[in-house]
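A, B, C and D label the chains in the order they appear, each numbered from 1.
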Amino acid sequence: MQAAADVCQRPSTSMKKLLIDADTGVDDAQAIMVALAAPDVEILGITCCYGNTPLENVLKNTLRVLKVCNRLDIPVYRGCSQPLLARKRHASDFHGQDGMGDVPDPDAPGLELLQKRRGVPAMVKIVNQNPGEVTLVATAPLTNLAVAVQLDPSFPEKLKALYIMGGNTDSRGNTTMCGEFNFVADPEAAHIVLNRYTCPTYIATWEFSCRNSLPWSFCETWLSQNTTKAAFMKEITSLSMKKQQSAEYQKEITAGKGFNSCDTYAMAAAVDDALITESEEVSSASFKIQSVESLKQLLVLLLQVAVTVELEGLYTRGMMVLDYMELLNKKHKATIMKKVDLERFKQMLMDALK
Amino acid sequence: MQAAADVCQRPSTSMKKLLIDADTGVDDAQAIMVALAAPDVEILGITCCYGNTPLENVLKNTLRVLKVCNRLDIPVYRGCSQPLLARKRHASDFHGQDGMGDVPDPDAPGLELLQKRRGVPAMVKIVNQNPGEVTLVATAPLTNLAVAVQLDPSFPEKLKALYIMGGNTDSRGNTTMCGEFNFVADPEAAHIVLNRYTCPTYIATWEFSCRNSLPWSFCETWLSQNTTKAAFMKEITSLSMKKQQSAEYQKEITAGKGFNSCDTYAMAAAVDDALITESEEVSSASFKIQSVESLKQLLVLLLQVAVTVELEGLYTRGMMVLDYMELLNKKHKATIMKKVDLERFKQMLMDALK
Amino acid sequence: MQAAADVCQRPSTSMKKLLIDADTGVDDAQAIMVALAAPDVEILGITCCYGNTPLENVLKNTLRVLKVCNRLDIPVYRGCSQPLLARKRHASDFHGQDGMGDVPDPDAPGLELLQKRRGVPAMVKIVNQNPGEVTLVATAPLTNLAVAVQLDPSFPEKLKALYIMGGNTDSRGNTTMCGEFNFVADPEAAHIVLNRYTCPTYIATWEFSCRNSLPWSFCETWLSQNTTKAAFMKEITSLSMKKQQSAEYQKEITAGKGFNSCDTYAMAAAVDDALITESEEVSSASFKIQSVESLKQLLVLLLQVAVTVELEGLYTRGMMVLDYMELLNKKHKATIMKKVDLERFKQMLMDALK
Amino acid sequence: MQAAADVCQRPSTSMKKLLIDADTGVDDAQAIMVALAAPDVEILGITCCYGNTPLENVLKNTLRVLKVCNRLDIPVYRGCSQPLLARKRHASDFHGQDGMGDVPDPDAPGLELLQKRRGVPAMVKIVNQNPGEVTLVATAPLTNLAVAVQLDPSFPEKLKALYIMGGNTDSRGNTTMCGEFNFVADPEAAHIVLNRYTCPTYIATWEFSCRNSLPWSFCETWLSQNTTKAAFMKEITSLSMKKQQSAEYQKEITAGKGFNSCDTYAMAAAVDDALITESEEVSSASFKIQSVESLKQLLVLLLQVAVTVELEGLYTRGMMVLDYMELLNKKHKATIMKKVDLERFKQMLMDALK
């Protein structure tokens, strides 16, 4: 079966090479399945990081997702099991005790399928073997990426691009008063990545994902597809959907109510990033507005600005900081996603469960 | 002349008693003149604070404004000359070296007109003499207010209401990356006030004022009125208007371009606060939305939320923090202004120069 | 009786004028009684501050001490009831629930004996009436002093000298890991005082008092004097002596075991400060060593260095910082007490209970 | 030649296995040479870290030291070139532009002699191959150690012991007001190591080394030995000796004047650690005092206490914090060195140049 998979998925020069760094909970699973469904994408590996759930769960969950998609040929690596300095925190109330909705699979693949090489050296090796070609999509706390740049300071410049789910634009936190989960889980790592990764960097923030949430009616349609993948997704998503509809959760969101698959925005933008090269360049420090009409592409309105992370605040530790006033004098700007073509995004989600 | 003023301005029980704490630069002058023009307002005193310009300038500027308005009967007090802990900073590039556009008046009133009593004890005394009746409008760094509550811990509860110009809602700073001038000028004072002033508190933030800026065309109309006050205003406003139209300033603003008289929003809301009692109460932690149709009143859409100030951040020190998730368990909520009835606001400005 | 007191205590030009700022617990009581017993000292007033115990207790305790000493003529003022920003903390486990050993006096004087003027304006007024002549002894959190300099920025320069009990030299805390009680109780106030009080400043730190503690045998002798004052002292000291001899307390102390009347060191040095003018000046940044042979005077070995207070640290907030390397470029140096003539010190304590 | 070295240095079970992590400047060179001269020590490798001088210099300097000692058989690895988060800082004023006294060797060995494996994975591999047997001596910023525990969380527990040169006991800094160079150079790394390395940990702090400095007369004797090694040491030490005797440097030291080879104290204690097993256990939170009379061993008086690192302070960032009051409830205590048998220490230094 893997051989067959190899045949139909054989990488070509035109394929987009993705390296995924995930803390596989529910939305990471959704994001990975969107990537797996993309026709022109080759996934070079998935490095796992603690995050939504402890590392051991993340490893198991990642293998479960790959099994459902019949893609256990993709190498999975054991990355960091804890943040650099922050106290460990998980999101079990949202993702479940096992990080994936507490619907265990008795036939889940075992951890003996993991690669022997550790996650961070694997990231370094994969990128060194494909210099300038790898798009790294990070949907977890950024610990693995922070350690990678210590191992190999030239790692960031060898990446083609970096897509991150994490951070805030408007000081609207979902974990602390002003902090988003992935950044708060390891603020030092987020700081290292935003300051030392000088490759093109695209950030899907918490507020961005809130403002682009999908109607619950779509969710029903999505999960009622008659496929194994849809059945799996329906199972693992059930708990977090209930949570998203709770009163408590409403306090976290900044706007709109609906289904918010945070990590999938970053992944979808990485899979479909051609549009970003079409973006209109405008003067620095003002908005970089893109109006992409292509029906086939994600519509993203973008903002380019230097960013960093607050490390010291009592309320703001882990908050992403945007330097609109250019006080940091940083040359490297990140692209902050603003809007998404929801129809296109829905289609990518639909395809992921086919 | 003062006697005459006393006659026509004699306070009655129906008059709104204002105590103004200002760092009189250009927009404080505009705010004070709006209050002076309001028919049902009695100004019990103006306490001065360093801020836009050093205290000596603030004292002079305040007296100049009162002189132009023929209201030197209003007592002016010398308050704090420096922040509790922050290094002193002023806004001379915006307000001019003298804090009021660098157009000196050779006949400006002298500081011998100041009251002998110091500003902070004066605040305490005035409020103790009018318990439950005084609305305090603070358009400066909040140092005087912070010291007042140390002198008399019951000071805040004796206020009728507190209106503040300062702080941010969306981490968009105008002085530091995430910090607004009045809060950054004395973050500790802002923290003390937001946490110990348990009276009804209304905040006009930086982003709010940006989003409600006025068209430059209005500004021209406003300043071309044929009155002494308009001539004075035109003179002192010239420098800061040029600044507001500069490229550099555009980096600070969050939205909209135009004339932004920050302090005047707080003052106008204080002068016209009847509407606030009409506001619709909605469930805590969600928006408190007011839809006020009265043609005669300011339309303000409001948000109520517990607030505090970040003191420790490298980038976020002085940033106002909004506790949407109710993690602070604070009973006291502040009312965060969202929108303004621009037509009503323009009329108040027009009247101020008549 | 007060008249008689006035006669024998009539201030003369040769008398040292003290203003005492205290949070009267047990050691403050000891310190005040040392000052009262000094023949050439006039106490202009005692301003009270929350600290060892809440302000209401401090006020009562101060009056009780004055009553025992037959000196209710000395004016007592109500100062600040809470720190600028820190959360309120007291030392009830050491000083008792009432702050003075939990041995209530049914005939204690009532708070109607307090002065009407508030503490901080009183400090300012007293010093303005005696410019250059007042030695301020601060044995409490420094909140009153911090507010005073906001009310009157010239207050510090009008002082003759300032004696403080508080802070650390070696990062050895007694309240937090690195912080001493008085400084940790209001770190911002300590910072303000160490940075804005440019008068000659003498600091008796926690480690200094530990290293100069007295043998318990002295304590017995001291308290067994057959006087009303000794009986009072024995009563109020009992609880804290037990605490000082506990295993738990041993973790706090840096050296030596014994009776440590912290506040009294600062007071004794203020009462007997002639010796300090005899001190040998040595090159900056090195130790300023004084060797005073006078049998009648306290022997103090001193260290002069610029000092400030750490405000931000997780473990070090409130810790006094000594700038041996002169990185702050501060002109103003404080004198850090190092050693004390224990025989002389004992005599002062003995005299206090006579 | 390497073969010959292998024969005479063949490791036996009785040999102490050292792994050295160094930022080879002058005192690291001294420390390495002390280890090389020890008869019962096998050096498994030297991992290099930026620090006293940039990483490229550290690599060259390490090879130069090994060449002078005829021990180029020892593997040298390229470790981290920068701290986790702190801005890079070096100590060129003390160690010279090249980190070793600015006396270049035209015949210095080239970097082609370095191992291919990166430093941090090498540390992990070496310790995994010798579990429970390796003593790690860290004389640099602790970045490599911090990254190692992220790569392999079980790395610390597989160490036999860890010896660190770094940190303070008394808030007496040599680089910032309260911070020692190695800890300030990467405070986050120091924090990670003090909190996650649960192996027996011995710390030679800055103040400890100051209090145990050697007389300059010894230094002359030491360097005047008629050997190649002594000639090399005399050359590279010249600049830093002049610096140590300057007025500026006196501000940094806490006590005593003389020759202070900081890193060598940690190394000497590691080489000669048998004495530590003889130490007298005393009650927690009090000093653990060792009195070792053995003529053959280093006399060290030790203090055991939980330690951590302040990360947030303005003045205290990077300061080591000692938890005498046991507020952290940490089970793991470090052993803080207090005194050294200076005669024994001198002999080790003498032997190092023979």
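The criterion applied here is as follows: a contact is a pair of C-beta atoms (placed from the backbone, for glycine too) under 8 Å apart; a residue touches a chain by one contact, two chains touch by 3 or more.
Quick caveat: nothing in here was measured; it's all calculated off a predicted structure.
**Q** Both chain A and chain D are touched by which chains?
**A** none
**Q** State, to the nearest whole Å, the distance from the C-alpha centre of chain C to the C-alpha centre of chain D.
**A** That pair's centroid distance is 44 Å.
**Q** Once you find the CA centre of chain A and the CA centre of chain C, what distance in Å lies between them?
**A** Here chain A and chain C have centroids separated by 58 Å.
**Q** When the C-alpha atoms of chain B and chain C are each averaged to a single point, how far apart are the two points in Å?
**A** So the centre of chain B lies 41 Å away from the centre of chain C.
**Q** Counting only residues that touch at least 2 other chains, which ones in chain D make the list?
**A** As it turns out, chain D has residues touching two or more other chains at 311-312.
**Q** Spell out all pairs of chains that touch, sorted by label.
**A** Going through each pair of chains, those in contact are A-B, A-D, B-C, C-D.
**Q** Okay, in this complex, where on chain D does chain A touch?
**A** 80-82, 84-85, 118, 120-121, 143, 146-147, 150-153, 188, 191-192, 311-312
**Q** Of all residues in chain A, which touch chain B in the complex?
**A** 168-174, 176-178, 250-252, 285-286, 308, 310-317, 319, 321-328
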